[in-house]
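Below: a set of structures, written as structure tokens.
Consider the two complexes below, in which subunit A is the common component and subunit B and subunit C are the respective partners.
Up next, the complex of A and B:
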């Protein structure tokens, strides 16, 4: 047995440590440790519920906007507000472009370097790279001259002796399987995607004032004025800018991102046999296309799959969620028992070794993340969970797109339950949503044409209109998976605020029953060619797109019914 | 400024015809960073042309960027060539970007850089040796990238810090590679040429330091009091201000002038309210009164919806975000004052209108009027002949203030003197930041 430690796990958001045990070059056990805590929910107590989204949004700057949306939904749910059609569509557009931009960044800038050997790209032949590019896509930037320019630029960079963020990468590792030309193609698109992401996210700046952390949400709707006849509001001109940016987003996704994913996957089909994980999948569903709070109107459906059984989509009930702290850095009386978030008590209690330390081995508790469970079972959340729930629910768009991708790779649906499956599901989801953006943008135009300029339900803006006590919850599907916020309001102030977030589901430590979390389980069986350079661990962990911004659980100083929360 | 900056520091002569000046001897550049393998060129013009050609950048685009930077820093147009020369000098200056109690929002902001683009910054201008969100290596290999930089270039790299530093419970609220983030900041910033904090959390503790936060979160200047620190608060910071700060340093070998909180005047020297495109509506008494009302559609002033622009020093209205696309007020929501000390507590509730009616004061800075001192702003306007009523703003009174707040009083301090309603607290970053010249 040998222990391999990877800390920091880089190319993620936040602070994550992975420790594994190996035998004969195979991972036999794994531990996931979130190593940063902020206490956001405690900070929210006593504040104005209308302010909560501004605070909550700062849970994460990578999946920005999603916590803001979950937060306003929780308050709207508590106060019984139904947002107007314009606000619903603007929120869909903001959240939709978030998926598209975030997924593409994830592939090129966070995940690709696990599959792409940058140094190998230097020996690529530009003409053959051009042939490869033109064989998989009609994307115009594909001439031999262009690829020669990229290669020369890369060569000049390497010759400078200053490799910057690419220094000490695992270049030349035997697990890299792409030919030099595919590596050069990917490097070129890494750079193109940097420019592309900066431009397409301007949709959020138009609708939200800035990105990251757009700032036009309000409880009840949006702050932005909509009026085709006012130059200072959301006008027809602004809508046409959004349409142009959407078209640019779509071109890149369809002509660069999706073909690249399929091409890279073709060289790594063995990774359809690694990283399967726990096989339980959860999606809250999102993107309302009718009544904002009716899951039946959601473009991406709500549901749950157990044991990889795609013949059954089970319902989701928030009452079935409970969190365990048995192996987390928290304590409370009877803490071997998992509690529903509303009933949770949490007292932070660091149980790791005194820093600096080399390993968490021997620490019974080992993470700032709690362990959320659904009916005592660990669940995987994220693009793969959403695509599987939609596929098994018979959602027509998803079924077609998934079947097309499987056909292109020549594999069956079982290949989805894997590291490679997560990569493919994220690309499929992106191609679906980038097309859906156009639908919502046209719906918004059509609604404005009817003369409907309503943007917010302000009937409960004044706190004197609120009941003395109110409770609410808001679900959101973030790019990384199912996100829930819960709020309790007493006499106009927040008395309880909780977030249970995607990377807590996926990255949780063991629960009281000893069930591993999704990342831990997915690492079992992973081959490691060189334990000193564990790129295979990165491949599977990155396939979940971890985001640990604040694996937070809150200490309630009064010791009362608790605020318990986890965030990512 | 440390001696390490020699190749960047000191006046760089500009040719009388505006042509780029002769470069420093390349040996000197090598000595400064010890990393160079290849000189960028043998004379200024060739050097720039080679630099651009090797990177596939058109000369025109590069000079346009330099012109934009000169404008951002309020430099005469003739500085463009000097900036171009500074940026094209090899070797690239090493940069270490640390993340603590953060959300990576400033990293995302960095990725949105447009003039220059992040690719140009990372590939051509800087050597981004350590940035956990971006770098290829992980685990021990990542640690090596950090230790290599510190060992090879002590006192010669720029440290950028994003996120707060927790000090409670022996620092165990943020651990990286088995060590506390605090120890990492102490080592990296302690040995850096200079440190730039990005975002409000690294400035003064930000969100985790807000009331109720249990982790003892602090800003960088409070943790490493001896370090040279320049602060770029904001949630997130505007990347244009980061780029301009770095360009200023590379061009002149010195940080831009800052206020007593270590914030550069070029970015934080003016009240947001005085630069706001909706200001005319404030002056005309035209306000948004309800979300979606006529005023909100017509772009009227958001003061009565809680906008904190009258108390906030920032250049958001002029620089905007995302390649100048927009900023919150333009998009219809008030400013939340995110560049200001302790804004999560001092500026919230965010929808409560400021208790101090803003006045008119176009040329004041945060230092002239005292920190976060709207009372003084309004008082200055009195000095300018405009009658204003000013309410005292006391520490921690935000719950009590508002519509039923204290009775208005008139205060008449001298301009530049802290008046009634003294600032509640100075952030821990204030002293360290103040050392920046």
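Up next, the complex of A and C:
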């Protein structure tokens, strides 16, 4: 048995550590550890519930907006508020463009290098790259001259020795399967996506005041002017700017991202047989298109699938969610190891080895993540879960898009239960949502034209109108998966607040019954061509889009490489 | 011909004590910008880059001279200030010395690959004493603040092809 440790090198979004045991080049067991304490729940206690979203949103600067939305929904649920149509549509637009930007960034900037060998791109023939590009898409930037330019720039970049974002790649690893031309195509689109993403997210700044962390939410709706006669309001000009940005987003998704994913997937069909994991899928559903609190109106439906059985979509009840701390660095008062979030506690109690340590082996508790469970079962959340729930629910757009993608790859629905399935589901979802943005934008324009300028229900803004005690929950489907905030309000203040986030579902440690979390289970059976360079582990973990930064830990020898500095 | 543009970009997390020193330098530069001794070359902007990483890339568009200010593991006494340019900078980033090693190296690498790397790049690096939750700089690093501010200003003037007034 050999133990392979994958540990963080960046600290911006948080820390993730994966330890696996291997036998004969195959992963036989896995442990997922969140190595950073969050504790935002403690900061929220005692505060005004109307302010909670501003604090909660700061849980992450990458998943911006999603915690704000879950938070205002939790308070609205507790107070029985129903947001107006304009607010519903604006929230859909902000969340929708967040998905589109986030999924594209994830593929090109966080995940592609697990599949794309940048150094191999240097030996690509620009003319053949151009042929390949034109065979999969009508995207105009596809001439041999263009690809030669990219290759030359890449060559100069590699020659400089400063590989920047590519510094820690496993270039030349035997698990890379793309021909040089496909690698060059992906590198070119990696660069284009950098430019594209900063443009399209302007939608969030137009509607949210800024990005990241939009500032226009309010409990009961949105805090922005929609009177077309006011120059500071959401004017016709701003709406048409949103429409233009949406069109640009759609072109890139349909002509670059989706064709690239299908092309890359075609070379990695073996990954339709790896990384399935637990096979239970949960989606809270989102994007209301009618009554905002009625899941039947959601564009992406709510539901649950157990044991990969697509013939049944089971209901979702917030009361069935509980978090276990049996293997986590927390204690609960009494002997409870699983608590519903309204009763949830955040009492840190580190029980791991003294840092710095080489391994968590032998430590019964091993993560700052709790273990959320639905009726005691671990669940996978995220784009694949959403697409499977929608597919099994018969959502027509999803069914068509999924069947088309499966047809293009020549595989059956069982291929979805895999690492490759996650990558494909994310692309399918992006393509559906970027088209849906246009529908919501037109609905918003049409609704404003009827003279309906309601933007927030402020009837219960005054805390004296609240009951002494109220409990609420807010569900949101973040790009990374199901997000829930639970709130308890007593006499106008927060007395308990618990956030159960997507990467806690997916990255959870074992629970009291010993069930592994989704990442842990998904890694079992993964082949490792070279345990010193475990790119295969990164493929599966990154396919979940973890919100904890995950990278292979590089031990710099003491002192590091020689650096001479001129001291001022 | 467009006017020459300079950018002084402070990087860091203000919530992690000395880790945020780059941002403290930016705040000090901005406070002094109206005074004769604090003047920056025309067309020079100061920006608090926080921990935005690759999201800072658009800021480099059209910039001719870039001064990065950041906490860095120099292996020296806390509060040591060093200025790195050209090959020295390349070696430092290759060796992952900066406390924002991923952020700064990624930013410059992506800028180079995208053809947007400014012609002149300097890093004013400050050795931190403590990188842990907290708002205040340690006394050692706080004492180094004037030297770091002066170094950043001098680099901006050098990029502009002039001596600081």
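The rule is simple: the second predicted complex is superposed on the first by the 533 of 568 C-alpha atoms of A that agree within 3 Å, B and C clash if a C-alpha of one lies under 4 Å from a C-alpha of the other, contacts with A are read in each partner's own complex, and residues count from 1 in each chain.
Everything that follows uses one rule, which is that a residue touches a chain if its C-beta (ideal position, glycine included) is under 8 Å from a C-beta of that chain, and two chains touch if they have at least 3 such contacts.
What you see is a predicted model; the values in this text were computed from it and never measured.
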Contacts of A:174 with subunit B and subunit C, given as first, second, both or neither: neither
First, second, both or neither for A:412, with subunit B first and subunit C second: neither
Subunit B versus subunit C as contact partner of A:194, first or second or both or neither: both
Which superposed partner A:64 touches (first subunit B, second subunit C, both, neither): first
Subunit B versus subunit C as contact partner of A:45, first or second or both or neither: first
Subunit B versus subunit C as contact partner of A:153, first or second or both or neither: both
Partner, of subunit C and subunit B, that touches more residues belonging to subunit A: B
Touched partner set for A:109, first subunit B, second subunit C, both or neither: both
Set intersection of subunit A contacts, subunit C complex versus subunit B complex: 9-10, 12, 61, 109, 153, 157, 160-162, 164-167, 191, 194-195, 198
Residues of subunit B defined as touching subunit A within the complex: 35-38, 54-56, 90-92, 94, 99-109, 111-114, 117-119, 122-123, 126-129, 131-142, 144-145, 148, 166, 169-181, 183, 207-208, 210-215, 217, 235-236, 290-292, 296-299, 305, 320-323, 325-333, 336, 344, 348-351
Residues of subunit C that touch subunit A when the two form their complex: 51-55, 57-58, 74-76, 80-84, 88, 90-97, 101-103, 105-110, 112-115, 125, 147, 151
Of subunit A, residues touching subunit C in the complex: 9-10, 12, 61, 109, 153-154, 157, 160-167, 191, 194-195, 198, 554, 556, 559-568
Interfacial residue positions of subunit A with respect to subunit B in the complex: 5-15, 17, 35-40, 42-48, 50-51, 54-55, 58-62, 64, 105, 109-110, 113, 118, 149, 152-153, 156-157, 159-162, 164-170, 191, 194-195, 197-199, 201-202, 204-218, 220-227, 230-233, 348, 350, 352-359, 368, 453-456, 458, 461, 532-534, 538, 549-550, 555
